[in-house]
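Here come two complexes built around subunit A, the first alongside subunit B, the second alongside subunit C.
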Partner chain A sequence: MTPPRGKGRPPGAPRNIGWLYVLPALLVYAAFLVWPVIRGVWFSLYEWDGLGTGTWAGLSNYARVATDASLRGAFGHALVLVVFYAVIPCLLAFVLVAAVSRTRVRGLAFFRTVLFLPQVIAMVAVAVAWQWMYSPDGPVNGFLRLLHTLGLPDWSRGWLGDFDLALPAVGLVGTWVEVGLAMVLFLAGVQKIPRELYEAARIDGAGPVAEFRAVTLPGLRRELGVALTLTSVAALRNFDLVYVTTKGGPGEATKVPAYEVYHRTFETGEVGLACAIGVTLAALVFALTAGISRLAEGRRGAA
Partner chain B sequence: MIGTRERVLNYAILVAFAFVALFPLVGAVQQALHLPDLDLSAFQRAWRDGHFGTYLRNSVIVTTVTVALATVLSIMAGYALGTLEFRGSGALFLLFLAGLTVPTETVVVPLYFDLRTLGLDNTYAGVILPQVAQSVAFGSFWMRAYFRSVPRALLDAARVDGASSWTTLWRVLVPMGRPAVLTMVLLVAMWTWNEFLLPLVVLNSAEDLRTAPLGLSFFQGAHQTDYTLLTAGALIIAAPIVVLYVFLQRHFITGMLSGAVKE
Partner chain C sequence: MQTPVGRRTLLGTAVLGAAALAAAACAPGGGGDRPAARTPASVSTDVAKAGNVTLTVWDQEVQGGQRRQIEKLNAAFQTKYPNVRINRVARSFTDLQKTLRLALSGGNPPDVVQANQGYAAMGQFVKAGMLLSLKPYDQVYGWTKRYPKGLTDLNSVTPDGRSIGSGDLYGLSLNGEIVGVYYNKDKLAEIGVQPPKTWDEFEQALATAKSRGEQPLAFGNLEKLPGIQLYGVVQDQLTGKDKVRDLVFGRGGAWTDGPNVQAAQKLADWARQGYLNKDANAVKWDDTPVDFARGRGVFMIGGTWWAADLHDRMKDRVGFMAPPPRQAGAPPTTMGGESLPFSITAKSRHPDVAAAYINFITSPEAMDVSVETGNLPVLKPPTRQPAEPVMKDIAAAWDALSRGDGITPYLDYATPTFGDAFGGPLQELVAGRTTADRAMQAAQKDYTTFLKK
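Take a look at the complex of A and B:
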């Protein structure tokens, strides 16, 4: 068989042998990722306790995701966590980068390593460390008591057991983890901005704020898109931290969709509903990834 | 001109952020080691009562096998998708790419029931195969990008010399692409080591197969507020990846940051 010439294919280049190379990966991928996704969608259309036979439920599980107060609450909490995991870290990272972009920093590699470190630690270990941080006699309350001795009100409390503050407390752990990611991304992006742009801005008499708005911010558009995507997805997929620190409590204060998938399957026997939550979560992650990357690429095209 | 004052302020901001990043970690180390007395008894107790030796061994087995399988499969798939233009390669690439966005939460419930039917629940294979599948989605995407960056002329030269596509891949391209492969290996190792939800569900009754993060969560359930013991356990399970990170941080950072960046 002679492959057709032209069209970018060099003469004699192998063709369908490509399928043989992909096949092993494709088989594992199809069996243990694609198939479970299909099965998940299938399960989500049934009412099933995981033991007996399921009954066809159509889209009623999805209707429950949209209407059930407790599940809507869980998705609402996920949105709050997006603020803590994505919005706050990106804002903080901008503060840092705005400062650093004007000067050359010695030891940047060291700072980069340190700031990124929380990203590589197992979330279960992070959760345990923060449980200690938030514990009644832990460092957070210790610091607040110190402020109290200086005349401020006593803000110390059991953070993870507080109905109003447990969710922000969990969110702040996310802020702590994700801020390094945003910073390292922005620091890398800032280095790619041509120095001449800064010099031009300075010749025009731009101060730090004007310079940031005219040069740094537009130059970091792509990095901002990547940072927002990665951190928001981490916020939506927040299972480990909630499982270890609060189990969704107190009450339903820290219930999140990822935890509900587990809880509804193994604790309340609502497998169909759990799968509907899982599929909704995947749809959200997908939409978020597609949406943000579009926004970030929008103006600059393929740059 | 940039004044000394601004420069000092910059360093102050950097140091403050670094301090916040390190504080919980250094605090945990201090707590577990009883510094400055340096009392290792918490580690000994955690190691003995928490069975962390077993859990680390399990994690080493699961991680090693997952990484080995995912690496070989991803190299082959990425090679085909990146250099061998065959019919359907574009669609296949999109299929793998879509897998990058599928959260474990979406597949873990169906996996639980199907693995149970297959008799793979509470086995190493039950935690390994789904993680190979997830890693292959990233790996083939990552390796495809590397193989596409290889100059066309090199591939043609190898073919002119009579090398088969198989020989070209393993004798020429993979040795040349060691940095790309190493980055992939490290990331897959880290994700597999740190994975929690999948082992929690699949290894629901096999105590002696628990991976390190799973072991820590059960240990935490048993020692609720003994923070000295718990932070010691947390340090034990975090240490292997942190050590790798300290030595090879450039790979971790570039990999994790570019993993999400479209080419």
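Take a look at the complex of A and C:
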């Protein structure tokens, strides 16, 4: 429904003076967001070391992002992290919320606080703590060695230095951080689902699974959209965790695009390429979040 | 696309695109002028006549002994020349790396900066015309006579920033650093081994340590750089200093040459035989000396930058030596260099005062200050001797290496991306996931790509 666009303005429609009111905010937005984006796109078309005069490179930086095995690997790792940061936390949060919505849990506020706590801690502090947890003599390995003495195989290892397990290890830190966010969002959502729906479902003989699918999940669609968006963005822009724990290693096992942007800009002097990575990452974030919101809304339309 | 909103978004995108294209008309970073060359005759060495000057100096000497050293030197300079005020801006090494690029390309850079050696820092700064050639000042102050050639080479680069080791001098360093072998004296006595005199004896000692249930080498390689340094020490013994220098400075040779592959094979063997700790790739570099001091490691191959820390933890139980040469009594060879050089920026308004300052902090008296504050001076100090046992070992090793011209450059000077391009494969090598041949091929690939550019 678009309003008719005639000469006479319908009552209540915005007047041009509205622009004046938003001008200060727009100026700040333009100076600190729009302009840097334009500059970033502009730099990405040059081969530039950040110091001298850049030379026009056309789209060759983007071609490198698409063809360079190490950079493609970095984007691949980012997508793996989306699973650990977004998909697994949301699934875990659903299980927790489903349990909570069926029974009365004592000390719910306490558990909610504990699970949400990682969200409040600065990511760098989280990273330092987990680096210690995963270190060869850290608590994780201590626990695994304890299991070993009880007769299980020895699973202890240097987690962050293991080529196959470093990325999942970093990802699990993300899961630990994001599950609280998803759960708090879902808990808030569940509280607005009318109790009668659950009662009706139970009268109809629905078990826990059917009840979850028919009542809880449809009621949480919006919250799911929000949670997936926030956590996926956190996964894709992950820099601090990798910077502190692994610096992209071992080898290139935990390289992610955001870390590469930093590395190429400040350590190897490939500013043009770094900008191309940044722009590509921004496009990826945009596409993914657009996809998620379309998914969340699309299902609502079908319901 | 079916609503006006869609059309508006399109329009917005088009406007943004047009703006970007308009901006693209000029290249980023344009307008950098090369500094005019100075003649020795126009250089004034009389700082007192310069009037009131504020000299802004960016350094990264923030750790204990180094901080005391530079503070003492700055105070002495200001006492000697009351008309000069030094505005010292101290940053950690990593912070300096990040901010220096922006500061140098800005309109009002500091007068004196510590610009790291290598292509990714000094090479690029010189290419962009941001540092002043010290050649005319050298002719006045005679710095290249004060320093051995190997050390001034490290701080020299050609104007295109492509060739380290030739071209003009762009900076001077205060302290020396070498990678050598630390050993735990108690542990050596326990396994009944004397400090090795030859490379074979060293490897024999590693084997003995292993057979006695000790950890032969303390090694943490999370950051990739330690692996490159360990490789470099082995390579120095197998390949020889001249070939290593030629290779690093791009003057000939290949990383896939026989001895270079053998050095990688040696690392792989050490890892397989359990001479390196099992989870080396998961151990932080900073934690290595801590583990070593706790007795987890009979030997540790590491830089002199750990000495003060190790002395605090182990006192006279720790010893240091240059990597033992293959033949007994031959001059030792190892990787090393000098601390970050002090350079003058091209836009400095007081280049003569800056040059006098650099001359002052690298003078013989300054080398005494270096020893007093617990550092390894880059040049032999005229009067002072270190008091701590391990510092005495280090001073002796540095002296032997300087006399025998045995210092080879750090391998990561080879290309700006070498830290990852070679450090990554080396991590795979010690994890047993790749072969020596393939690791060296990866290094060679990065090397040829850089040389072709």
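Keep this in mind: the second predicted complex is superposed on the first by the 271 of 303 C-alpha atoms of A that agree within 3 Å, B and C clash if a C-alpha of one lies under 4 Å from a C-alpha of the other, contacts with A are read in each partner's own complex, and residues count from 1 in each chain.
Definition applied: a residue touches a chain if its C-beta (ideal position, glycine included) is under 8 Å from a C-beta of that chain, and two chains touch if they have at least 3 such contacts.
No experiment lies behind these values; they were computed from the predicted model shown.
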{"item": "Subunit B versus subunit C as contact partner of A:Val100, first or second or both or neither", "value": "first"}
{"item": "Which of subunit B and subunit C A:Leu33 touches, first, second, both or neither", "value": "first"}
{"item": "Partner chain(s) touched by A:Glu252 [first = subunit B, second = subunit C, both, neither]", "value": "second"}
{"item": "Contacts of A:Val261 with subunit B and subunit C, given as first, second, both or neither", "value": "first"}
{"item": "Residues of subunit A touched, compared between subunit B and subunit C (which is higher)", "value": "B"}
{"item": "Touching partner for A:Phe143 - first (subunit B), second (subunit C), both, neither", "value": "neither"}
{"item": "Subunit B versus subunit C as contact partner of A:Gln119, first or second or both or neither", "value": "first"}
{"item": "First (subunit B), second (subunit C), both or neither touched by A:Ala129", "value": "first"}
{"item": "First (subunit B), second (subunit C), both or neither touched by A:Pro24", "value": "first"}
{"item": "Overlapping contact positions on subunit A, where the subunit C interface meets the subunit B interface", "value": "34, 37, 39, 43, 50, 131, 135, 266, 271"}
{"item": "Of all residues in subunit A, those that touch subunit C in their complex", "value": "2, 34, 37-39, 41-43, 45-46, 48-56, 131, 134-136, 157-163, 246-252, 263, 266-269, 271"}
{"item": "Partner subunit A, residues of subunit B touching it in the complex", "value": "2, 6-7, 9-11, 13-14, 17-18, 20-25, 27-28, 31, 69, 72-74, 76-77, 79-81, 84-89, 92, 95-96, 98-99, 101-114, 129-130, 132-134, 136-137, 139-140, 152, 155-156, 159, 165, 190, 193-194, 196-197, 200-201, 212-214, 216-217, 220, 225, 227, 230-231, 233-235, 237-238, 241-242, 245-246, 249, 252-253, 256-257, 260-262"}
{"item": "Touching residues (chain side subunit A, partner subunit B) in the complex", "value": "8-10, 12-22, 24-26, 28-29, 31-37, 39-40, 43, 50, 92, 95-96, 99-100, 102-103, 105, 111-126, 128-133, 135, 138-139, 176, 179-181, 183-185, 188, 222, 226, 229-230, 233, 236-237, 239-240, 243-244, 257-258, 261-262, 265-266, 271, 274-275, 277-279, 281-282, 285-286, 289, 293, 297"}
{"item": "In the complex, subunit C residues that touch subunit A", "value": "3-4, 16, 19-20, 23-24, 27-32, 97-98, 101, 104-105, 120, 124-125, 127-130, 221-224, 277-284, 287, 416-417, 419-420, 423-425, 427-428, 431, 433"}
